[in-house]
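Labels for the chains are A, B, C and D, by order of writing; each one numbers its residues from 1.
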Amino acid sequence: MIGTIAVSTGSLLVLVGLWSALTNRDIIRMIVGFTIFDVGIHLIMISVGYISGGTAPIISNLSDIGVSYVDPVPQALVLTAIVIGLGITAFMLTYAVNMYEKKGTLEIDKFEELKW
Amino acid sequence: MIKKAFTFLMLGGLGAMLLNFILSFRERTALPEVAAHYIEKGPAELGSANIVTSVVVTYRGLDTLGEVTILFAAAAVVGLLIHLNRNENAVRREGSEILKTASALLFPLILMFGAYVFLNGHLSPGGGFQGGAIIASAVVLTVLASPNRKIGHTVLSVIESISGLAYVALGAAGALLVANGFLDNRIIPLGEFGTLFSAGLIPIIYTLIGLKVGSELSSVVISLNGETIEEDDQ
Amino acid sequence: MADFDYMKIVYAALTIFLTINYGLILQGIIGKIYARVGKRMGIRIFQPYVNLIRQWATRTSISHGVMYYLGPVFRFSGGAGILIFLPIIYGAPIFSSFSFAGDLVLISYFMFLGTLGMALGGGESGHPYAALGVSRGLSQVTMAEIPMIMAVYSIAVQYHSLNITEIVAAQQGSFLNWTLFTNPIATAAAMLAFLGSMMRSPFDVVLAPQEIPIGPPTEYQSQFLAMLMTNRTIFPVAKTILFVNFFFGGVALYDNYLLTFLVFFLKTFLVYMWSVFVGLSFPRFRVDHSIRWFLKYPMLIGLISIIFVNIRY
Amino acid sequence: MVEPIYLIVIALGAAFLLGLLRKTGSALQIALTLAALAGMVFISAQWAYGIIKGTTQAAEIFTSGMNPPLSINLFMGRSEAVLLLLVNSAAFLSTMYLGREHKKTSVYMLMLLLVFVVGLNGIILTRDLFNLFVFIEIVSIASAGLIALRSDIRQLGAGFKFIIAGALASGFMLIGIIFTYYATGSLNIDVITGMMSPALASAGYIGLFLVFIGIMIELKPFPVNGWGIDAYQASIPPVSALVAAGTATAMFYAFTKITAMTGGIFLNASMYIGALTFVGMNVVALKQTAARRLLGYSSISQVGLLVLVFSLVKIFGIAGGELIVFGLLVSHALAKAVLFWLSGIIGKESINDWGIIRKRNILIVAFAVAVGALLALPPFPSFFAKWELITSLAVKGQYGWIAVILGGALLEAVYLMRWFGNAVKDSFNEEDNLDFRFGTLVPVITGTAALLALGYFSANLSVFENNINWLLPAVVIVLLLLDFLPAIVKNILLIAAIAWYGYPLLQAIEGYRSIFAAIFVIGAVITLLPGFMNKGRRPGFYPAVSMMFAGLVGIIEATDMLTFFFFWELMTLGSYFLILRGKKSKPHALSYMLFSLGGAYLLMTGFSMSFAEAGGTSIALDILKTVSGSSLSGIITILLAVGFMTKTASAGLHIWLPGAHAEAEGDVSPMVSGILLKAGVFGLLMTFIALGDQSIGKINIPYVLSWIGVITALTANYMAAMQEDAKRLLAYSSIAQMGYALFGISLMSHLGWLSALSLAIVHFTYKVILFLSVAGVVHRVKTRNMYQMGGLITRMPVTFFMVLVSIIALSGIPPLAGFSGRWLTYNAVIEKGWLLQGVVAGVSGLIAFLYLFRLIFAIFLGQLKDVHRRVKEAPFWILLPQILLILLVLYLSFFPGAFLRPIGDIVSEFHPEGALVWNGATAVSEFGYWNGEAVMWVFIALFAANFALLFFLNRGAQKIKQFNIVYAAERPARPETTHFAYNMFAPYRKALGFLEYPITTKFWSGVADLMHSIAGFTRRIYTGNGQTYLLQIIVFVVISFLLSNGGK
């Protein structure tokens, strides 16, 4: 149940993030949209690894093996994904800063130098 | 308006796809085979109490190396773009006295906390990335407090490079010299399970990652602040 | 050429000589007819002889160049060539001296040699009217020949031969065997084409002799002209002989040479008269008119003749 | 053997080390980077060599000392090794190229470059799904960084679009990965592949689909790729080169991995997406003028082709499919890299400004090689790959896909060849400079050389045995390398080479091939003679001309279809270069190339079809015979015949010829007109020898061709008569003559073929003479308009004589050699009963008189112009070949039996019935007879007698002054107004002008306009707005999902 709720929430966040990225003309808002999108994905990832009744996969004692743990793999993946997301966000922001400095605006439809 | 309606429609289509999955989604009750192996055999194999850490650093170490690389690349891009378009004359408002004092006070503490987090990554929740992020938050605080202060990149970049190099070298040592494969953590003894000096290379690698991530994120923050000093600029 | 019968050269010369005489007489007669139709006295019958001899007798010191010089030579060689390649009288080796050299395709194409030489000779004269005449003549002849080609194909298929002697042979026996009766449509097409090649009204804009000097010979005089005139005497005759051979049963050799010649004269004269008759009756076409005209009825008739033989044979 | 993991270790180590070297000089930094990349090239080369040679086994690399699926594993196999070599070499060369950019953008650029390469290597090597994702992210971040190296507003805009689109795609992929993990419990590609079952495909469908579509978006499918194209355009050239050669390659390889992993359930989807991308991008590119954007379009379309081909290979289980994909991929990657590098050296935005490339000939060579490789022309790997692809598809009966692939390729040819033509012909500003230095030159040369070398090797890799004689292309290469020598030396060399190769060939070869071999070899030597006139170097001429003749000789020698096609294309390419050399030949060369390529594709399809019909085992040309009874034989005949008819320029396919032959250089026109056209005749003959008299339904193919032939002859002769330009006149004349040849062949009888073959020979002689004569005249009077000439007989008597003899021969007037063809045609027509066609042929023969007269009159007769009074006779080297050929014409005219008899013997092999009977010198057919010698003698006798008579009587005649003519009592004003030459056949035009209506030209230009308007309309989807691009991607995903999931 928890898993399903989390997956649903994550999916919703994905859609919300995309909506925000697709309807806001302001680049910073688009980036925020992407961040939400990312978060949604991360939530989905974590919840897919959830095992009913499992605890964090940290074994303080070798004798604890046998206790129900959640899947450590999605957790590792999500760590990587978060860092990647962070990198990309930083990256987009840098672009945004530079674009603003060049053109004095952050509206995405002002950057149509290349087309057709 | 039509565009928005259309966007809504398309996102609805996407939502339907996801809904498809959600409807078929059932919480797992048992671990997949590989994950079960990690949980059951992991501690003995790698000697790390935090299974996530052993997955991150060793089992899927290549991912992590890639991850570090991404941060490295992001930092490089930030450096590149800021370097090209630096605004020399921007003067930012100084932080308040409270912020300044608090940040000076907190700075070493945060650093220490960060170091703790990555050093104990194999034992408790946390690890190199988390620790690195904490360290960078100290830098953020400093930058916020005194945005016009000049902070040299040099030290950061040396730390970053050396830790990166060391990481790669240790990984290669796993493949080349001692153990069975690239990024194998067992080139030094695993030590006693559950102690600080255990799990072979994992704490060392996590330390390197922590340093690297910390310095990279810090330099990103400093770069974005826009007032960096590049002494090497001819 | 070891087995070549050198007498053939003599026969050929004889053929040419006789044809020249016949052509000159024919010209005289036709000139007379033309005049009488126009209610004029007209020339004497032997006037063409006089004209020709006079031209041969005059000399000129004028030449416009090598090709100018060669034009009449080509022209006459072409005309005489056709004559001696033709089997003139069926069954008489004397009057089919060189017909062993080729069939009707050869003759059809050899006809153009003189035309081309003349065109080039006239061209070198530098006179624009000469070139103008050539351009008109060439334009017209291309279309005038369409029904002719169709007719030729038609009769070649009909007789299953391109050999003129064989075609003539197949028409012997009765006048009902003539192509005129066995393949009247092809004959009609060819006779219309015939008009186009005889340089008579309504297709004589090429030379346009009445108003201004025009056409290839514009710049030619004296002996050059004489050579051309000689050719003008034999060329129409050769052409009519060809038509007689194709469509009117040819001229077979009778026991009596006189009778043979009589038949020959009669047939060629009548065929020739066809162009005269039309020429007297119709005004002159412009070149584009004549092109369009040939593309209408003559071509249609030619097409029918082709379809006819395609079905029949 | 160095462990492949060191590829990653070296690059990353170097990247991190660069961080330490921030303050050292750039030289050291770049040296370090280059050293690292060189090491990587070395490692991958070592593996590639070892695995291909079989000395090394493919290796699996386990990280962290665990066995997969516990840990991430890498795999180094043959494909991986080759691709890594390609990618790393491209990176090395691009880095070398970057040199100058370096100072401005400092050490960061090199770091990014190394990281980028790490990503590419990782994508290729990894066998783990999530790891693949990580490496894709690395590549995407690094490339987004490299895009903005100069950080101008265009780069920033493009980079931002690139990164948000990439983020969206990777988001989808990530969701897909985790869904897949949910369904399978594994991230290892091999494990998932092993688990793949219909049940899993259904349960994990969404996950697998999202992974698939994520990868697909990374491949920039049409029409949701505006962001990718912008990136290509905005980046600096070496980065674009790296993206085109590296990213595209690696991503494509990732796509193949995913396809394998998903058990091929998305192959249909990828097939359609690939096809759409390939065709769509090529259409859109038609309107593009920005060089790098165009290259971007082309790159994406090529990737689309790869996806399509890969999908087809998998769906239809095509054997050797890997080699096909590789051939295409490697050719594309290298060619595209070369083009991007070139675009940097040129430094011009618009493709219309590339004329500056002519400052350095080596760049033109590189350009030509790259374009050739993209268009799958020989000898590049793509050529062999395409051949195998098409034949394999034919075996599987996939003719629809053949049409798509070849149609798309033709579109691609349109803009690439147009671009090449512009570059070679357009003017440029002398003051502009090229970025021509060691660092930029080495990559270009290396890429070019690699393409050429790989072509040679891929021929041997081909699954088909072929007997390509590499000596022939080698001559071209040698002449290319010797291009610095003076033209005279190269001319001697080439003539010697042809003689040395051709003499034994002529002795050895038998049958109908010998006729064409004689035309090609002797023709080559003769038409090369005028080349001695050139005092300079004549750069580029000799490689082109040798390529054409190599192709011609090659098709004669070929015994299998692949070899034939190889040399056929080589010949086309060589002749294209030759034609392009003409001053105003740009548009004509382009249409020549396009028609030729279209024709070649038809040939390829026809060959493939017969290969498939014959059982799909042998590609020998002889198998054409075995398919003559099959149900497809009619279609094969049509394909081959129409393919060859593009070369003979039959009506409807002829519009390239007049311009191409007229605008070509003086001594090139005789080559392409007198010699090259015979290749089409040869091909037609080959087709009908093998396939015989075929019908489709009730329609008899030769019957249709006979009508095409005579209509070609008729209209072309008419058009020739209406030309003012001497060379255009001759060009139309060639079309008409080829129409006769086609007609002769279509008669499918002894006499018909005899006429076609004899026509081929005599047309060669007189058309070479005529074109050379005109070349000589044009050389002297500097105009091609006949009405501006006139009276040149006095100035150029020898040339006049040549023309005189030639036009008599051409017109078919006895006694010269041309008559034989007419006589044979009449006989053949009556025999066959196709009288109407015969009539049309006859009429067109008459119309020929018009232009022949015009040609000789307007140039040589009439009024000499004042400016030409001092004109000299044509140069010796132009006259010499004419004299040689005139002797040949006269010989053939005197003794028609000398060539008709042996040809008759050859033809009897195929059509024994209805042969001529030779009675001494008299040829006797069923209907008529003809004695060429007798006619000749009669003519000579008459001519001599008449001439002697006239000469004797008129011996005193003297040449008089030009204006001494009967001119209505006036003196003509000027030669210009007295020379009757302009619009000479005005009444004719008045009566028959409708024949001039350019129905074919209108049709083809209508097709071209339509394509261009589609392009103009379609490319509006690339609005430039990043947000729109995002929406497009989502629409694409949703629609793809609906379509691919439709069955569920």
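Assorted remarks:
Convention: contacts are C-beta pairs under 8 Å (C-beta built on N, C-alpha and C of every residue); 3 or more make two chains touch, one makes a residue touch a chain.
Bear in mind the structure is a predicted one, so any value in this text is a computation, not a measurement.
Looking at chain B and chain D, the chains in contact with each of them are A.
Centroid distances from chain C, each centroid being the mean of CA atoms, peak for B. Counted by C-beta pairs in contact, the busier of A-D and C-D is C-D. Look at where the CA atoms of chain B average out and do the same for chain C: the two points lie 106 Å apart. Centre-to-centre separation between chain A and chain C, using Cα means, comes to 99 Å.
Centre-to-centre spacing of chain A and chain D amounts to 50 Å, using the average Cα coordinate of each chain. The mean-CA centres of chain C and chain D are about 53 angstrom from one another, to the nearest whole unit.
Shared contact sites, meaning residues of chain B that touch two or more other chains, fall at 7, 11, 14, 18, 21, 25, 28, 32, 34-35, 38, 59-60, 63, 66-67, 70, 73-74, 77, 81, 84-85. Within chain D, contacts with two or more other chains are made by residues 130, 134, 137, 141, 144-145, 148, 151, 175, 179, 181-182, 1031, 1034. Within chain A, the positions touching two or more other chains are listed as 14, 18, 22, 48, 73, 77, 80, 84, 87-88, 91, 95, 98, 102.
Contact between chains, per the stated criterion, is found for A-B, A-D, B-D, C-D. On chain A, the positions that touch chain D within their shared complex are 14, 18, 21-22, 25, 27, 30, 34, 37-38, 41, 44-45, 48, 73-74, 77, 80-81, 84, 87-88, 91-92, 95-96, 98-99, 102-103, 108-109, 111-116.
Remark: chain D residues 130, 134, 137, 141, 144-145, 148, 151-154, 156-161, 163-164, 167-168, 171, 174-175, 177-179, 181-182, 187, 226, 229-230, 233-234, 287-288, 293, 1019-1020, 1022-1027, 1030-1031, 1034 touch chain A in the complex.
Partner chain D is touched in their complex by these residues of chain C: 1, 9, 56, 59-67, 69-70, 72-74, 76-77, 80-81, 84-85, 98, 100-106, 109-110, 112-113, 115-116, 119-120, 123-129, 131-132, 134-136, 138-139, 141-143, 145-146, 149-150, 153-154, 156-157, 160-163, 212-213, 218-219, 222-224, 227, 286-289, 291-292, 295, 302-303, 306, 309-310.
Within the complex, the chain D residues that touch chain B are 3, 5-6, 8-9, 12-13, 15-20, 22-23, 61-66, 69-72, 104-106, 108-109, 111-112, 115, 118-119, 122, 126, 128, 130-131, 134-135, 137-138, 141-142, 144-145, 148-151, 175, 179, 181-182, 184-186, 203, 206-207, 210, 1031, 1034-1035, 1037-1038, 1041-1042. Partner chain D is touched in their complex by these residues of chain B: 3, 6-7, 10-11, 13-14, 17-18, 20-21, 24-25, 28, 32-35, 37-38, 45, 58-63, 65-67, 69-70, 72-74, 76-77, 79-81, 83-85, 154, 157-158, 160-162, 164-165, 168-169, 171-172, 174-176, 179-186, 231-232.
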